[in-house]
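The structure follows.
Each chain gets a letter, A, B, C, D, E and F, in the order it is written, and its residues are counted from 1.
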Amino acid sequence: MKKVVTFGEIMLKLSAKGYQRLLQAEEMNVEYAGAEANVAVSLANFGMPVAYVSRLPENDFGHAACMSLRSFGVNTDSIAWGGNRLGIYFAEKGASQRPSKVVYDRAHSAISEATATDFDWESIFKDAQWFHFTGITPALSPNVAEICLQACQQAKKMGLSVSCDLNYRSKLWTKEEAQKTMSRLAEYVDVCIANESDIADVFGIVAKDSDVEKGQLRQASYEIVAEQLLQKFNFQKVAITLRESISANDNNWSAMLFDGTKAFNSRKYAVHIVDRIGSGDAFAAGLIYGLINGYDSQKTVDFAAAASCLKHSIEGDFNLVSKAEVESLMNNNFTGRIQR
Amino acid sequence: MKKVVTFGEIMLKLSAKGYQRLLQAEEMNVEYAGAEANVAVSLANFGMPVAYVSRLPENDFGHAACMSLRSFGVNTDSIAWGGNRLGIYFAEKGASQRPSKVVYDRAHSAISEATATDFDWESIFKDAQWFHFTGITPALSPNVAEICLQACQQAKKMGLSVSCDLNYRSKLWTKEEAQKTMSRLAEYVDVCIANESDIADVFGIVAKDSDVEKGQLRQASYEIVAEQLLQKFNFQKVAITLRESISANDNNWSAMLFDGTKAFNSRKYAVHIVDRIGSGDAFAAGLIYGLINGYDSQKTVDFAAAASCLKHSIEGDFNLVSKAEVESLMNNNFTGRIQR
Amino acid sequence: MKKVVTFGEIMLKLSAKGYQRLLQAEEMNVEYAGAEANVAVSLANFGMPVAYVSRLPENDFGHAACMSLRSFGVNTDSIAWGGNRLGIYFAEKGASQRPSKVVYDRAHSAISEATATDFDWESIFKDAQWFHFTGITPALSPNVAEICLQACQQAKKMGLSVSCDLNYRSKLWTKEEAQKTMSRLAEYVDVCIANESDIADVFGIVAKDSDVEKGQLRQASYEIVAEQLLQKFNFQKVAITLRESISANDNNWSAMLFDGTKAFNSRKYAVHIVDRIGSGDAFAAGLIYGLINGYDSQKTVDFAAAASCLKHSIEGDFNLVSKAEVESLMNNNFTGRIQR
Amino acid sequence: MKKVVTFGEIMLKLSAKGYQRLLQAEEMNVEYAGAEANVAVSLANFGMPVAYVSRLPENDFGHAACMSLRSFGVNTDSIAWGGNRLGIYFAEKGASQRPSKVVYDRAHSAISEATATDFDWESIFKDAQWFHFTGITPALSPNVAEICLQACQQAKKMGLSVSCDLNYRSKLWTKEEAQKTMSRLAEYVDVCIANESDIADVFGIVAKDSDVEKGQLRQASYEIVAEQLLQKFNFQKVAITLRESISANDNNWSAMLFDGTKAFNSRKYAVHIVDRIGSGDAFAAGLIYGLINGYDSQKTVDFAAAASCLKHSIEGDFNLVSKAEVESLMNNNFTGRIQR
Amino acid sequence: MKKVVTFGEIMLKLSAKGYQRLLQAEEMNVEYAGAEANVAVSLANFGMPVAYVSRLPENDFGHAACMSLRSFGVNTDSIAWGGNRLGIYFAEKGASQRPSKVVYDRAHSAISEATATDFDWESIFKDAQWFHFTGITPALSPNVAEICLQACQQAKKMGLSVSCDLNYRSKLWTKEEAQKTMSRLAEYVDVCIANESDIADVFGIVAKDSDVEKGQLRQASYEIVAEQLLQKFNFQKVAITLRESISANDNNWSAMLFDGTKAFNSRKYAVHIVDRIGSGDAFAAGLIYGLINGYDSQKTVDFAAAASCLKHSIEGDFNLVSKAEVESLMNNNFTGRIQR
Amino acid sequence: MKKVVTFGEIMLKLSAKGYQRLLQAEEMNVEYAGAEANVAVSLANFGMPVAYVSRLPENDFGHAACMSLRSFGVNTDSIAWGGNRLGIYFAEKGASQRPSKVVYDRAHSAISEATATDFDWESIFKDAQWFHFTGITPALSPNVAEICLQACQQAKKMGLSVSCDLNYRSKLWTKEEAQKTMSRLAEYVDVCIANESDIADVFGIVAKDSDVEKGQLRQASYEIVAEQLLQKFNFQKVAITLRESISANDNNWSAMLFDGTKAFNSRKYAVHIVDRIGSGDAFAAGLIYGLINGYDSQKTVDFAAAASCLKHSIEGDFNLVSKAEVESLMNNNFTGRIQR
């Protein structure tokens, strides 16, 4: 099977233990994670050949990030080496009424200072069928936005499908900057993935009568949003994840896939959260997996929703679940009895 | 007071930390546990004299397993020493829609290779009033099944009560093997303990209109099951635990004791799970404690249900609660206010 | 701004990890905490100048307790040094139907053996506007009760407001002793803070038709209690926290402030508990902060309730939240979405 | 074989991790230890029947201390239950030029407040052949000194051998108090065990030309000391451990046994220290073991020195080594090659 | 560059923390290691293409072992999947006079039950230049010995160099069995690697006047041994590591390479041990690296000795050092100043 | 007593556990440290009033760094708040022949982007008698070098003594840049502190016949260096620390103070290293403490050397020792016996 290629920033993730605040951390957990890396690992866990592309510094943290990906079987041969530092993000886990908190220290990272010559997309896309990136990648710096554009153009030229998860990050750029750049990239995108607030932030398309913070989301309203989005940018498909946040511990989670004609809704899961970071990426990976493997729209959104539902129960950003585990949840076994 | 004797396999239990998966474990917690050992420790914590019988290898892990039991005051004098290895089981804790998972590595354990000469049941049952084993013990190997039968016969000969928790384990034997062996042992058993699926797996008696996975359990249906079971094997009493699994974190838990004439139901507890492994054993211990101490049927099932309810809040397989703590819960103090 | 002074006992707190019982603890977390110290730290985190007064032994634990306070900017210049030991308290965290448990080992602590000459209240109260203590302080020993009285008298003489959190501890004194001593101190108190059981324990005033253990609390009933209390002791204000304990993990939490004329009720929060010890102190700190800063009664009780709601999500006794975080919760953002 | 009985105080030991200072400890290791308990455990590990006698409070820490002993097979049936607290000691591990540090918080412990009626020595010494205590026990309080005297008298009456390790603790009593009490107890002692400074502190007998702090110890000088001591108190044997402290990490360790006629010296071990607390107790246990089992004087001191040498390599106060491991070291295998 | 292929057993390694004994372990570190896997990882860290061949069970531990190798860039494509369990080994770290201890639980492992059809050596050795195994591999079971023979034959047929580290394990087979099997395999081996005791154990060739346990090793004597060995089995080269064990913490470490004509000795390093397991494998990897890259004999043994010297300072069995770090040590920088 | 002011960069320090490499770190210890902060804390621990000046970002890490200093009683009132990030440094501990390693990620830190208006030196130096900085501070950026110059000028104007520890960091600037800037600052410095390599790196003054890497240092040679340095820059005193690095675990450590006329040498300590980072800063603090308190030159260098000797035994960069502990070591108690 031809491979999937993802492109973005992998960071050193340092997180406080348990429910400790960063302020009181005497020790922190060390991981390596990033939106596109998370997608790559998730796909590898489903058995897909996948390559991850980024730029890493030649130091212990660049090497460890690479080792982390490689352990899952993700191909890292096209990573460019150079630059001064690996971006860092710090995380503390919220509970009850206290939200989780992420502190970024990613400026001046190796990837943010990459140049066009670091990547030979024609070679990278050899034997590839799919290219995935998120809205974080072009937000890293204007030069990375440009590289992203080149990748998209080359991908289309070589007949790859292109997916993009909007993933708006207000710390990296303004809504205006996002809209301008993302609109340009959108023309190469086949499958657009977003959560309920990204679409408003990046493309200014707002669902009616929906109050995200209050946890009331309405399917009908989002079908309209998806359709508007699809028509505006000529996407083939639009997928939207819908989160109702009851507290930092308890969320409802579901998703919708609009295939150009019709919206397909997944079951809504009541999730008791272990770690929700990376659940959007787990959804994207499930979606790509379903689409590549020819699942119908309903099965695709069901697979993607079940995969990302499970991610909420996993420590760390990577979705450490197998295809069989996702299918078991899809097929109605969701009561959490012991597997002996 | 005369002692209780339990017989089975104690294993090295290695568990991933917190909600980590085994795949990502960089360190694991070390414990020693097993169904009959759990019952023994629980009874010792209630103040009962109790002896544990097994076969342990002469290495660090055999010794540590023995030390663990001895620390609770469990008598370990009749343990047979020999064999090559202590059985191991690995555990990861589930959360939300992801179930807990147990990986066994127990083949070729010291106890599974025990022979009849390892145990002198006449001597072991001196000063004893009760013998308890579970369906795991005879499943370990044909020779252990035979030893189990000898123990049962000697127990009845010396006037002990015999209890058995069905505890069907599909990794150890087939339903057919279980049915054949357990039916033979059943004739020596006075008190049969089971959960809602064991009875179907081991004896093929199925509750009507009950869908375990969906969490809908019906008392009336299980009363009929208990009665059928009691009549078929001439048990004096049958106790059934009823679990409704809402998620890996939240279960409803209750129990029923059928005393030959009538069914007595405990309160149903909504438990928020810390660690549910060992809760069935905690129930068995509570039941045996109540029966030995002459509690009436209602009080017996209430004590056993409260004891096993508390087990869900305890890390590890052993039920580290005192009789006073169980009674406090029975007597309506179940809101979890701080005990200063 | 003039400072707040708090007076009491800070202890070495040793707690079992996660949900382990003290009996199974192989290692314990080390903290330093105490009711009045918790209030001081909370106020410092809101930006208030605050001094903490106690007596500490000249050993590693006395020094570490002082360092802990000083790290938050709490002034420790008036701490008296001497005595033989720092009081200790051991804590295990409850779960589900198993309550949290606190074991005190605080007899013979340095502060409990303090004498009047250890503290020069005239000097301590220079540049101060508020004096806060709890019912634990006078309960430590008769001499500390006497010192507390002297502090109250000096505080009133110098025009400070005085607040007292009743905080009845049955391990330290009887209800009769508490009532006698607290009634005498009450005459110097402006603001009385209590939970639903303290008022009954210390002053014998009982709410009608309320069953604390069952979690049914009724506002109307507590308004009457607050009014009775206010009139009996001539308090200016009475604040009562109302906890409905569903389980050791889940509580409902709200509060009421009676300002002499009218009762103001906060929102009721459904809290999923990380650590509830110190939540009453967090409430007291929020209340004092609001009153000093001229918040109206509704805003004051809202601020105090939100602050103490957040405390339930924080590990340790200190309320590690900023004023901005409390305000964010007050202003309706309570769904726990990630703050990136 | 008849059992050994030891009598003393077991404490909650809380130690900083690794080489951390107590001041910086964020978590501490939890153990239960005490000089006589250490001897009991060591003997149990060599296969001797042994009982431990003390008084423990009825709380989690009293129970855990008892469980700790019981896990090694030490008989705890004669422990008296009562009192308010378990004594505590805090430890930090020294390194290089920084010495290890112990902070005691043992005043008012359950055993220190024991009374004569707590112990029925006639019953305790049934089936016993040896009674061991250390100079710490009578130092706990005058009543415990009196109980210790009664135990010694009963032991002699019933024909037991009595051994005493001087173990002078300046925090518990003055040299004068020690000398007065220990001289009275000495008349019942058969075997006196001491380190190089105890004899001077307790009995005022000083070795010539020896400078302990400088690490220069001289055998000849200590032979004279041992002989003087033996004659003064009519001991049958005197054993002295000799430590040369090069740094907190490196010590030389040897021992001498004077059997009334002649001094027998062990090999001198250059030990690289993991944890030296309890090494004197490990020596005492080895000595008692050798004497009970009829080893000749040279073999006895060799066994005891090898046992205590190994203790320096073990974390915790208990000497977790088997008889076979001690013998392996005695028999010249001391280069630490891997045992596969 | 053509790759190196190694073949053997990788196990789950569970080790006690710090200097704890296995008996007292409350938690254990989790790693995956084995002699040939260690060599593979070490070579990968030097930048060599390397493939690892074994048979792994399809469970979490088989997958994790594979992930561990893959993270270092070791090719795992030829691993056969099947069997029931991953072998386990438990380790405790010795100190001072207490030796390190390894407890094996490797019987019935997936690789030990492999059959010839599991491996297609012709395909495996495509693009390979070197095959390495150790004496552990054929000791696993007769069928694995047979597979090993087939691999050797195919390797020679395809022109690969073959190296073998004798690595005698007395728990797996007798000296007689080892001698018989290893002698047969030896005829295909070009480079024989051994430590000072292996040669005696496996081939009965003993160095004169050398007392391993006493730490006195003599170069001259080992040159004769190497020469005898080389002539007997027609090896091209023989390399011997020489360890002088002063204590479990301090060893002297050096090596000799006999190239058929002359012996080349490395510097002797005084190592202060962090973890010595895997140091022999680190030596083998260094040796293979030097030989493949055309280093002269002196440089080869210097590189190998420096690499394995550094291994002693690394936690875990894998030698986590780069080629540059080995060269830095070779080039006289061995005083351990901070690298800023 | 008038205070000491120190000025520099405090960083987030993330270190691998035990002897793990950064590459294998699954969790890291969190501290806050920096050369001048280390000096400030050390002085505070000796009882000196001390203020620390820097610029910190308004985030969790800026606040935590401030809290860390404040806990020791260091005055943080003159810290400027602003900027984007706290500098980070990563550390792994070396062992045996493997050196410790520090990876800096400090570019773009808040302090490196400070401007002159951030600090009002006239106000900062009120009630101060001493100003201390190190060569790291001016190396951070040209603007910080300029601020440092202004501080020196203001310090001299207000009659403060000025000390500077050369602390050359090759990652921050070239030798040429260092020489240029440091020479200009030197004219305001009274006391120059350096290690054996700094003087050569910064001022090009080289000791004859000394080979640092080989661990051979010669006092006589360094006396000449000190004298040259003193005369060239008109320093009042020059202090040099001399380290002989035997391995990453074992160093010899001594120091010399040249007071303009004569050189005073400390004892040479053989240190077994726990953590050597910060030992130079501990020396500087000891030196400043001795000079301020009027110790004679011999006592000053003895106090400083003993203080820094002890630092090697302390985990973390801060020297957590009291004045009494330093004096105890100075006064010949250096064998590391337990302090009970």
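Rule of thumb we're sticking to: a residue touches a chain if its C-beta (ideal position, glycine included) is under 8 Å from a C-beta of that chain, and two chains touch if they have at least 3 such contacts.
Since we're looking at a predicted model, the values are computed, not measured.
Chains that touch both subunit E and subunit F are the following: A, D. With steps allowed only between chains in touch, the distance from subunit D over to subunit F comes to 1. Although subunit A and subunit F carry the same sequence, what matters here is overlap: shared residue numbers make up over half of all numbers found at their interface. More C-beta pairs touch across one of B-E and C-F than the other; that pair is B-E. Fitting subunit C to subunit E on Cα positions gives a rotation angle of 180°, stated in steps of 5. Centroids built from CA atoms put subunit C at 44 Å from subunit B. Measuring from the averaged C-alpha position of subunit A to that of subunit E gives a distance of 42 Å.
Listed for subunit C are residues 18, 21, 23, 26, 67, each touching two or more other chains.
Under the contact rule stated at the top, the pairs of chains that touch are A-B, A-C, A-E, A-F, B-C, B-D, B-E, C-D, C-F, D-E, D-F, E-F.
Taken in their complex, subunit D has these residues touching subunit B: 67-68, 70-73. Partner subunit C is touched in their complex by these residues of subunit D: 14, 17, 21-23, 25-30, 59-61, 63-64, 67, 84-85, 88, 90, 103, 105, 107-108. By the touch rule above, subunit A contacts subunit B in their complex via residues 18, 269-274, 309-310, 312-316, 320-321, 325, 329, 332-340. Interface residues of subunit E, counted against subunit D in their complex, comprise 18-21, 23-24, 94-102, 104, 169-171, 213-215, 245-250, 276-277.
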